[in-house]
Structures are given as structure tokens and as C-alpha cells.
Amino acid sequence: MNATDRFNRQPFQKLLGIEITESADGRGAGQLPLRQEHSSNPETLVAHGGVVGALVDSVGGAAAVSLCDEPTPTIDLRVDYRAPATDDLFATSEVVRGGGQTALVDVEVRDAAETPVASGRGLYKIGGRPADAPWGFEE
Amino acid sequence: MNATDRFNRQPFQKLLGIEITESADGRGAGQLPLRQEHSSNPETLVAHGGVVGALVDSVGGAAAVSLCDEPTPTIDLRVDYRAPATDDLFATSEVVRGGGQTALVDVEVRDAAETPVASGRGLYKIGGRPADAPWGFEE
Amino acid sequence: MNATDRFNRQPFQKLLGIEITESADGRGAGQLPLRQEHSSNPETLVAHGGVVGALVDSVGGAAAVSLCDEPTPTIDLRVDYRAPATDDLFATSEVVRGGGQTALVDVEVRDAAETPVASGRGLYKIGGRPADAPWGFEE
Amino acid sequence: MNATDRFNRQPFQKLLGIEITESADGRGAGQLPLRQEHSSNPETLVAHGGVVGALVDSVGGAAAVSLCDEPTPTIDLRVDYRAPATDDLFATSEVVRGGGQTALVDVEVRDAAETPVASGRGLYKIGGRPADAPWGFEE
């Protein structure tokens, strides 16, 4: 199974509608069509901060996993919110430092009009998974 | 409508199953019963980082909103992941600095066995909402 | 007095040897010639994390202050360390979101060989200084 | 040489006047008597953000190093500034997650009147130092 397929079978990604479209060579990309169920407001459509955060985490992981081909738990994640998310979201990611046991990944989220919605930075574990870790890849 | 009810009517909170149980006096609390749809793995139950991040953001907001009784968009958020989340999650939050236009909030997430799962810190806007902002409270 | 001169008269910048070379149009730049007194080790020359952090904060502020021409206290600062700093340091910064009361600024630090040493991101207050604040500009 | 002595021989700590007073059992403490040379303003005494950041990094490292007795380079650091620093500073730190290759450390900075000045959180490398790393302990 290739890396994007593995992401797209994750139950939580499916619940949110996140699709990973790239995961190779230290880069990732993904998208999330915005729906009313993502809103923080029952009467308008504006994504909850957690929707954007989840997209950042997923797309950041898509870049990290390309370095090691094993699950890459998030160690820490930072998200700077730049504009309300009121339309479909697109994210790209890039490893800015990878090596040793961790990868630092930058993530940019834009909407369909190319407006920057959020900038994120995540640190992911890229090696040394304990044998009993609950996050292993299925065979 | 009181503050916890307002949170619990948010479509995204309902999608995830996040319930806010406290939002008063600079403090917040909430919980998320873990379900398979939160998992990052189709065959085991371990929450996607985005689930924990969304809980941190929501419960942090519950503390912030108690300072101003108007929506509090997240300016930035950091989550440090401490242990895999494999059980129901409980979060508490506390404003550590509030005043002027922003509130800094600490959030702790634990599981049903009291194991620390994540520590978060968010900065929220607590005043000066533009009249045309998409995140206003309904009347 | 222009903005770079104001920075370069700051006692702490002088103590460290930080020179701001640009502060205009949402951008900043600065440098720090590495000296033994910046080291975290008495026997080798490798900058203490605090040296890099101070450079990030100063050069980030140089971008922020260009938006408002008044002091811009740091609200929060994040630094990701990418490689040991063992040579003269050069930093550039850019406002990625400015408006309302805060500016979000990205900062990149490189050494003389163009090796990335650190990536930083700071949030600065850009308006609404209280009349009794201790950080006002001198006339 | 014990851990606090090792810190206090660091050239940069001496330049700033940071003294580490505790480094044991996952905890650290330190102080910095505020002087005019720490100021960001030639005419008033208010510490540059980089002074507070350096204290956070040092005192956080004092907690981390107690876990492994070898140098602990900072991987990433976040500082939330809570009040202007206009008096002597005191910091305490505590490992909140240590294990594997990294330690997550919380740091609180207060002034002489116990006013909270800053809250920090750092991630430190606690093992697996490459043989040619420039940050080794002297014998």
C-alpha cells in the first residue's frame, strides 16, 4: 500500500474528509472540502480551529512519513491562524530539517482563493518506534 | 444561552463528540469519548493528533470566552503530545494571562486513567471583533 | 531617529553584538558576529540557544516595528533549532500576517556558509500601547 | 564537576549573569539579576525579550540535563511573555515528559515580587549525541 492510500484509510481523516494527495521526497499535500459539520457556528460556515489543526497535522505527517516509511507520531505542533477558514482548504508541507530521530515540517494552508488561512510547524518522530507502540502500520 | 450550551451546539464539536462541561471564571473543561472514527489507524484505536488538537482548542476557548462573553478566535496554538491517546479524553484549561486584546490559556489533556496525554497552550483574541467577522455569536 | 538606529542603541543588542540592518515595509534583517562569549561551552565555540533566540526576537521585531513605528513587545516567540551555530549569524524576517493588534513574523537564521541554523516565528503587539508602558520609544 | 557548576561556567551565561541554582531529578532553577545592559531601551530598564528567552532556555536545559548527564541541545522553544520584566528574574523548570530521545520541559519566570513574567516550554534532546557534536561536555 502506498503512503497516500495509507493516510486516506485513516478513520479520522475519513470522518473529516481530509484527502492526502502527496507524500514523497520530504513533501506532502492534502485538501479538505469545507462542510457545515466543520463549522464552529451553527448558522455560518467558518471552520473550527481544530479542523485546520487536523489538516496541518495530517499534511505535515505526509511529508515526515516520506523520510522513513513508518508511522511518524507528532511530538509537537504549532498552528498560527491567519484568516477565518470559510471555503475549501488546501495544504502543502515540506520537511525543513530531517535527520536523527525527528523531522521538522512546515505546513501552509490556503483556501480556494489562495488566501493564506494558517501556517503550521510540526515536529514528528521519524525512527525508533518501540515494538509495542499502538501506532504501527498494518502489513 | 449559556457558554457551555453555545459550545455544545457547534457543529464540529458535535461531529467529534466533544462536550464542554465548564466555561467560567477563566477556566474550562471538556471531554471526548474515544471512538474508532477518531483513530489514525483502521485496526487499532489510537487518536489522530488532530483529535487531541481539536479538544485542546475547544477547551482552551472555553476558558477564554469566560473573560469576554463573545467569540474568541484562536490566534495561535501549540500542542505537545505526551502519550498515545487510546482511551476517553478529559481536558481542563486555565487562563494564565488575560487582558488587553488576548488571553493566554494552558490546557492539559488526560485519559480515563489520569495519564497525561497532551499539554497545550493557546492564544485567543478576546476583544475587538470586527463587525463583519464570520464568527459572531448568534443572538 | 530611524528604526535601525533605534534598535542598534538598545543596550542588550549592544551587549550581544546584534546589529539590525533592515527594518522597513514588513521586513527586517540583522546579524551577529559570533564570539567566544556567546558560547555554551568554555572550550568550543557553539552559540547558546539564547543567543539565537535573542537574534530571532530582535530581527522579528525589526519587521513588526516597520508596520506601526512604535515599540512592538513580543507576545510569544517560537524557535526551532536546525543546526549548531558555530559561525557568524545572519537573520531575515518577514511579516506574514499584520493587522488589528498583532503581527505574525517569520524569521530565518543562517550562518556565513548559508546553512540554516534556526527558524523562528514571533507574534508582536503592534498597537494599543498603554500610556504607562515601560517600553515606549524615547523622543 | 556537578551540573550547576557546568552551567555556570558557560561563557554566555556569564555574559548575561544567569546563575543556575538547581539541576537535579528533572527540575531546574536559576536567576538573573536585571541590569541596564539587559534593557531594550537606553533610558528605562525593561528586559529585552531575548534576555527572558535565554533564561528560559538555560533553566529548561538544567531540568533536561538532570535526566541524562550529557549536553541537551534545544530542539525547539516557545516563550509566552506575560508581563514586562523590570526587576530581577527567577525561573523554575520541570520535565513534564522525558524518555526516548527527548525531554519536554516547562519553565516559569517570575520577578522579585513573584509577578509571572513569562511561561516557556522547551523540547531538548536527551540522548544519542553524535560523536562529532560540537556541544560535548568537557571532561
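Order as written gives the chain letters A, B, C and D; numbering starts at 1 within each chain.
Please note the rule applied: a contact is a pair of C-beta atoms (placed from the backbone, for glycine too) under 8 Å apart; a residue touches a chain by one contact, two chains touch by 3 or more.
What you see is a predicted model; the values in this text were computed from it and never measured.
*Asks:* Counting contact pairs by residue number and requiring over half to coincide, which of B-C, A-C or A-B is equivalent to C-D?
*Replies:* Most of the contact pairs in C-D are shared with A-B.
*Asks:* Consider the two chain pairs A-D and B-D; indicate the one with the greater count of contacting C-beta pairs.
*Replies:* Output for the comparison: B-D.
*Asks:* Averaged over CA atoms, how far is the centre of chain A from the centre of chain D? Could you give it in whole Å?
*Replies:* Inter-chain centre distance comes to 32 Å.
*Asks:* Report the inter-centroid distance (CA atoms only) between chain A and chain B in whole Å.
*Replies:* Using C-alpha averages as centres, the distance is 19 Å.
*Asks:* Let me have the rounded angstrom distance from the C-alpha centre of chain B over to the C-alpha centre of chain D, please.
*Replies:* About 29 Å, centre to centre.
*Asks:* Among the residues of chain D, which are close enough to touch at least two other chains?
*Replies:* In chain D, 75-76, 78, 80, 104, 123 touch at least two other chains.
*Asks:* Spell out the part of chain C that touches chain D in their complex, as residue ranges.
*Replies:* Residues 9-16, 36-51, 53-55, 57-58, 61, 73-81, 84, 86, 133-136, 138 of chain C touch chain D in their complex.
*Asks:* Which stretch or stretches of chain D touch chain B in the complex?
*Replies:* It is residues 78, 80, 82-83, 96-97, 104, 106, 116, 119, 121, 123 of chain D that touch chain B.
*Asks:* Applying the document's contact rule, which stretches of chain A touch chain D when the two form their complex?
*Replies:* Residues in contact with chain D: 75-76, 78, 100-102, 104, 123, 125, 128.
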